[in-house]
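Letters A, B, C, D and E mark the chains as written, and numbering starts fresh at 1 in each.
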Amino acid sequence: MDFEWIKIPYALLTLFIVVNFGMLLGAFIQKIGARVGRRHGIPIWQNYADLIKNFGLRTSITHGVMFYLGPVFRLTGGIGLLLFVPTIYGSEMFSNLSFSGDLILALYFVFFGTLGMALGAGESGHPHAAIGISRGLSQVSMAELPFALAVFAVALQYQTLSVTDIVAAQQGGIANWTLFTNPVAVAAAMLGFLGSMMRPPFDVVIAPQEIPIGPPTEYHSSYLALMQTNRAIFPIAKIVIYMNLFFGGAASWPVFFLKVFLIYMVSVIVGVVFPRFRVEQSIRWFLVWAVPLGVLSIVLV
Amino acid sequence: MVSPLYLIVLALAAAFLLGLLNPERRGRAYAVTLVALAGMTLISADWLWAFTMEGIDPVDVYTAGAEPPFAINLRMGLAEAALTLLVNLTGLLSALYLKDVLLAGGRRTMAVLLISVMALVGIILTRDLFNLFVFFELVVISSAGLVLLANDKDGGPASGLSLSAGFKYLIVSQFISAFLLLGIIFAYHATGTLNIDGMANASLGLATGGTIAFFLMFMAIVAELKPFPANGWALDIYESAHPAFSAIFSAATGAAALYAVDKLLLIGGAEWLPIATGIGIVTFIAANLFALPQTHDRRLLGYSSIAQTGLVLVVLGQRDLLGDSTPFIAFGLLISHAVAKAGLFWLSGLLKNRQLADWAALRQRPLLVFAFVTFTAMLTGLPPFPGFYAKWELVHQLAGAGQFTLLGLILLGALIEAGYLFRWFGYLMKREAPVETVPCTGHKVGPVLVAVAAGWALAYLWGDLAGGLFGRDNLLLALPLLFALSFLLLDWLPAWIKNSLAIAGMVAFFLLTWGEYDPLRLIFAIIFLIGGALTLLASYSVHGRRIGFYPAAMLMYAGMVMLIRATTSFDFFAAWELLTVGSYFLILRGKHSEPHALSYILFSLGGAFLILAGFALAAAGAPQFDLASLAQVAAPAAPWVFVLLAVGFMTKTAAIGLHIWLPGAHAEAETDVSPMVSGILLKAGLYGMMVLLLAMGKQQLYGVELTHVLLWIAALTALIGNLMAVFQEDAKRLLAYSSIGQMGYALFGLALMNHLGWLMALVFVINHYIYKSMLFLAVGGVAKRTGTREMYKMGGLIRLMPLSFIAVLIGIIAVSGVPPLSGFGGRWVFYNAIMSAEYRLPMVVLFMAGPIAFLYLFRLIYTIFLGQLKDELRRVKEAPFWIVLPQMIYVALLLVFAVVPGLALRHVDAYLNQFFPEGGLHWGGGTIISDYGYWNPVAIMIIVGVIFTTVFALLLIVNRKAQMVKQFNIVFSAERPFRPETTHYAWNFYAPYRKAMGFLTQPFVTRFWDTLADLLHTAGDLGRRLYDGNGQSYGFHFLAFVVIVFFVGGI
Amino acid sequence: MIKRFIALTLLLAIGGLFASLLLGYTPDSELNQTARYYAERTSPDIGAANIVTAIIVTYRGLDTLGEVTVLFLSAAIVGLVLALGGKSGKTGRGTVPVGELLTTGTRYLAPLIMLLGVYVFVNGHLTPGGGFQGGAILASGVLLLLLADPLKRFSHVLIATIESFAGLLYVLIGLFGLVLAGGFLDNRFLPTGELGALFSAGAIPLIYSLIGLKVGAEFASMLASLSESETS
Amino acid sequence: MSPLLTGMTLVLCVAMIVAALLAIRDPSPEVAKTDTGGLPIAILAAGLVSLIASILFLILAAPDVAMTEAAIGSGLTTFLFFFVLGRIRRHETSGDNHD
Amino acid sequence: MMPSIAQLAMATGFILILIGFYGALTQRNLLRMIVAFTLSGTGVNIVIVAIGYMHGRTAPILDATVNAADAVSRVIDPVPQALVLTAIVIGLGVTALMLAYALKLHEQRRSLDIAKFTELKW
């Protein structure tokens, strides 16, 4: 559980794998969405192209220090989150930097990037940035709740806060997954998951014309590149947590890719089916449907 | 010693001598009057000295060369000496005060005054019933005459009022004296004596008709105490009479009449005590209630006088229960009341207008304001004044004897009284001052100052007495308190000198004593003393003398230090009251803080009373106990003690339901005061909770586990506090609500009653001190520069106030608990703590509160520092150096605490093992390991730092030429904005959130307390209409009073 | 009317109280201890024939001093009250015509009445009556003078001087008792003399005379204050 | 006890009560027009009560009290009342003129 | 049984007191109230004197018929009488005072109605 220098290259390796996987996954999912809509869709390497293009672009615009630092915070948050959680169960190599903290660290570090990003966008002076953030925060404050409750139910169930230990407890067959040992908690967590993925129907936050990363009026070029990188990492990092907590973790990279993909698909499918909620609607929705499940899961443990 | 008879002889001789003087030589007559009164004062003082210092026995003085009961005799004992001294001194000072009036009124007026004082002395000294009657008649007549003094000078619309007041008094006194005479004669018939002691021995009650005879006498004498409802006449007198006479009427007449009742009770015996108690308590409550809607100062004082007298009557009525401590209590209350009331009446004479708000004129004279404060403190029984000791003792004895209803009523009445007195003080400090100048003539200010001096002297004396009786140290000799009080004397110095002295004193005291604390207390000591000194750095930014700030601030700090140093319940409570009062004065200094300071002091005093009751219940009759022995409180009382103390402490931590004072109080306080009252003061409540929980642990009441209830309260507090903070437009109010939420977390930790819960509470204590002080300073600095606290009026200040921005940024990251800063430590400990907790539902609520913090924190930093800069704020400068400096220190502290929390927590963790042996942390190297998880703050800091730096470096490489664009270089809705007002999205920032969650922010609590206050107010307003001003009605009241007491008392 | 009803109700209750006192009352058949002491000891100790006087002047002298003071106070306050404001000037001066008979009668009668008053208080220790009664009679002499001549202005200075002088002496004599005899207002610093004689009972005649003078002066002053018009 | 004395006492008592009732009787509307209307009768009745009381005191073997009551209670008091009454009447007449 | 003189007198005294009180409570005229109070004062005095009365005894004055030796068995209780004297005088003092007040009040308001002097209230 202590630091060793070798952990650094190992962590970088994880990072490298996840970045690539994230880029491809993102494009793949977009392509699926396009195909469903009878469009051709983007090529699978489109994200790489965008990234390189954006890094290549030169901008000379900044609105101030926080504006400048916003994407830095964002990406730091994504990378940090990924690295604080063990990726592959049973692999010393891919348990990353999880020695520095347990589940709680991961849960709270989620907000690091969000907060920094929100601050950066705020300094742009663009009113829509503020509006988007106010919506996002409002929604997250409720969407996180069932997830947090479920996480805690799981922690109580396994009497540990260590991610590795939780995964360990789920080994030995599908029946040992939290999904089956504690379905209520998982249901609650998955509902929360929908909210936190910022996909329809809970995507009013990133309604494209309303927040700066949509039409990159303010954040563009290299800023956008950082954020794109993060967009490849962050959802995966989050899904890793879900996977570890509820779906038995992953003992190898193929299992990892599969599980992450499937979990991701959940939100995509829901998003295809449902129309968009207004913020207060989604808050109420979480309050009425997801939170009671979370509470139930805690009580039942 | 001269015979006490000379008290009477001197006055009479002087009064008669006045008639022989040339009527035009009024100065001479005045001199004679003063000499006589001074002589009487000296005689009394001489006796008092002899009784207290030389310990002589009481002396009986026979007249006419015959022994009692055949001739009238007088008695001079300790009580008599003290009371006559009080009467004579009041008379002398009032005579001084009345100089102009007496000189204008001539020798007859002076004679009346002399005789009035003499008659009061006679009432106190005489041991003969009929003689008592004669003296009472003298008092009545002279009072009716002295009431008229108001006409001579004050004139104006009041003239004629005093005349009718005097007439009403005479009407009622006719009824009274008829009853008294009948009672006396039948008592004489039954016992064959008029001597009080003789009658007491003859057991009057057993003789035929004796009970009714006594009843008549008793009613008559009690009526002189102005009991409810037979007291309308007295109020009219208070309202219309000259204040100097009112001083006598309240202080001296009240004391004498009480003593007469005391003598009568000697005759009546124990079965009359409950009746006295009943009359007293009803009067106490009713008068205080009726005083609430008063706006006329003297009438208010009148109501208050009546209430106080009622309270002393209660004490007399409980004498069988109070036993030997009766004099200590009764005198403590009486003398506080007398000195304070006399002083206040004298003060009222300095002012021209009679509305309470007109007292704002007094602000011109800080010395007089101090006098007012002294008197108010005496009346409300705050330490270190005698009333405090008396209250403590009274409550303890009552609780020890199981008189809970009475106890509750007394505390309720006292709270109401504190309410209107402190409201008045608020007016005095905050209302617009009339243009009139307050005259400062020596003969008028002199008596006031004497009263102030007497108040403090009595405070010392009672401290000494209590020390002797109960083995305590004199409060006034406590070093911190002395230090605080010394700032009263230094108030003429410039603020920066006082500030330096204060900081030096606090640091020095810490250095002197830090070895004495256990780790738990050490944390609080550091926050209170070192932390306090740190916040005081910000006070260097204020120039001038800043009168009144340092005594108040130091009083608060003194109270807090004494609180953690207290080992007995008494010391603890005294410290608690001191810090409450000190902080009240501090809060009141804010520009618009009047109503908030009032609700603060009311909640605090209410809480303090609950604590007092709790301690009293726990003490079970003992005068005090070691705090540690709270653990030994036996079963039936223990849960109630717990409830009382817990609710009391929670008023200070602003738990939900008791929180409504906090937002206003913290928000309206001065820039450098907000951090003190938020960052530091709130911890006092938590400390109290810790002491309580450590000693008493889990308690059950009706099968409900009280810590479980606490958990719910704490969780709801956190939720509502956070939620309310989201919707504030005022930056300081936002922070204030956030404090409520944070205190909820800390309380939750304590209520978990496990090792990590407590550790979490301590982490919150430390963190909250640091970041809330920092945030309040930062926001205060911004508010100072921008001239507003409304966040939507700000925006884009990051470039103008970068240091403040950094402080707020670090602050909000810390508050929100995002790693790597120290707030995360608290969260981590919290999650580990609840892993082993038995109750899960409250946690859900707390979980819900967590993310809400992000909402208000983001709003705070965004609407102030980010977004669009307003035109009118373009010239704003960074906050003053002395406000920024402590912020930067706090930033450093936060970082240090984030990386090495063990520095502060390790020892506490080890210390907590004594109480919660299980679930401690393991501090291995950089990693902190609990039973469930682990956490390595150093590693986190390094990892996040490295990633951040790397990404930042990457961005710098790619985008090193970034240039600042102009403010409006943005495009939205297809146009370029040009006005920051319309572009800065800030007002009602969380509108959709409000739509969804607003139902939780309904001001139920505020409405509840408002309704309660309204109800009391309305009750008082309706009740006082009983006194319709018609003299005949007052006659009805008296007769009704007699009849009611007869039937209710079951005589 | 409701007021009367309440008044009647209250008084009924109080009347009940009184009734129970009345019914519980049984006259003493023997003197109680206090009265017995007075009956036995007055004559040997005090030397006064009128026991009531002995009680008033000596045993309960302090009461009497208070009582005199009450009058003194009343007189002073009546004076003060009527001197208040004093706004209305000389309006309403009494204009009732006074008959010749009254004027003449008064001239002869007033001194006689006053003499009677003096007699009453000087003999207070022997016969019924004393300072108060005598004082009242003195005052009625003054009253007669007032009636005869409503415009007559009494010398307030004179009245005040008599009043104060008598009061002062009274107190001083009381002090003599304290210093020379058994206690304040003890009459026995002068010889008690023979029972029934004018100059007996120690200082009682002296005191009672002073009381008489003082009471007379006070009554007179009250009467004068009340009878005179606003300009007093 | 002699029936004569008792009978006399009874008569005196009844007389006193009657006089007292007379003294506190509500003035008839026409005399009550002015503040002082009907007052002399009340005052005189009260004086009469006092006077009878002093006779009663004599019967009760209290000559001192009887004298005092006669001189002060019925005498001086009544005069005081009339003095005041007279002055008030003068106020009334002059006051009416002025107002 | 025939009531004794003392009881008769006492009853009368009580009735006078009640009558006086009733008058004082119902009459609105200041002077009438004062008159009523003198009545109740007289009543009180009668009660006091009556209480000291003992049948068949003489006034407490020693003279030819009652000498000092047998005074104890011959005279009535002197104490109530002494008290009454004081009470009467005090009563007069208070009455005079009330009269003066009433006079002055009338002077200021031109009214003797007690209900007109209610500026001070509540």
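Miscellaneous remarks
Throughout what follows, a residue touches a chain if its C-beta (ideal position, glycine included) is under 8 Å from a C-beta of that chain, and two chains touch if they have at least 3 such contacts.
Source: prediction; values computed, not measured.
The set of chains in contact with chain B as well as chain C comprises E. With centres computed from CA atoms alone, B is the chain lying nearest the middle of all the protein shown. Between the chain pairs A-B and B-E, more C-beta pairs are in contact across A-B. Chain centres computed from CA atoms place D at the largest separation from chain B. Chain geometry summary: the mean Cα position of chain A and that of chain E are 99 Å apart.
If you average the CA atoms of chain D and of chain E, the two centres end up 12 Å from each other.
The distance from the centre of chain B to the centre of chain D, each centre being the mean of the chain's C-alpha atoms, comes to 58 Å. Centre-to-centre spacing of chain A and chain D amounts to 105 Å, using the average Cα coordinate of each chain. Counting only residues that touch two or more partner chains, chain D has 63-64, 68, 72, 76, 80, 84, 87, 91.
For chain C, the set of residues that touch two or more other chains comprises 3, 7, 10-11, 14, 18, 21, 25, 28, 32, 34-35, 38, 50, 52, 60, 63, 66-67, 70, 73-74, 77, 81, 84-85, 128, 132, 222, 226. In chain E, the residues touching two or more other chains are 4, 6, 11, 17, 21-22, 25-26, 41, 51, 53, 55, 59, 61, 79, 81, 85-86, 88-90, 92-94, 96-97, 99-104, 107-108. Chains that are in contact with each other form these pairs: A-B, B-C, B-E, C-D, C-E, D-E. Taken in their complex, chain B has these residues touching chain E: 130, 134, 137, 140-141, 144-145, 159-161, 163-168, 170-171, 173-175, 177-178, 181-182, 184-186, 188-189, 194, 232, 235-236, 239-240, 1024-1025, 1027-1032, 1035-1036, 1039. Contacts from chain C toward chain D in the complex involve residues 50, 52-53, 91-92, 94, 96, 120, 128-130, 132-133, 136-137, 139-140, 143, 219, 222-223, 226-227, 229. Here chain C touches chain B in the complex through residues 3, 6-7, 10-11, 13-14, 17-18, 20-21, 24-26, 28, 32-35, 37-38, 41, 45, 58-63, 65-67, 69-70, 72-74, 76-77, 79-81, 84-85, 157, 160-161, 163-165, 167-168, 170-172, 174-175, 177-178, 181-188, going by the rule given at the top.
Residues 17, 21, 24-26, 28, 30, 33, 37, 40-41, 43-44, 47-48, 51, 79-80, 83, 86-87, 90, 93-94, 97-98, 101-102, 104-105, 108-109, 114-115, 117-122 of chain E touch chain B in their complex.
By the touch criterion stated above, chain D contacts chain E in their complex at residues 1, 3, 5-6, 9-10, 13, 16-17, 20-21, 23-24, 26-27, 35-36, 39, 42-43, 46, 49-50, 53, 56-57, 59-65, 68-69, 72-73, 76-77, 80-81, 84-85, 87-88, 91-92, 95, 99.
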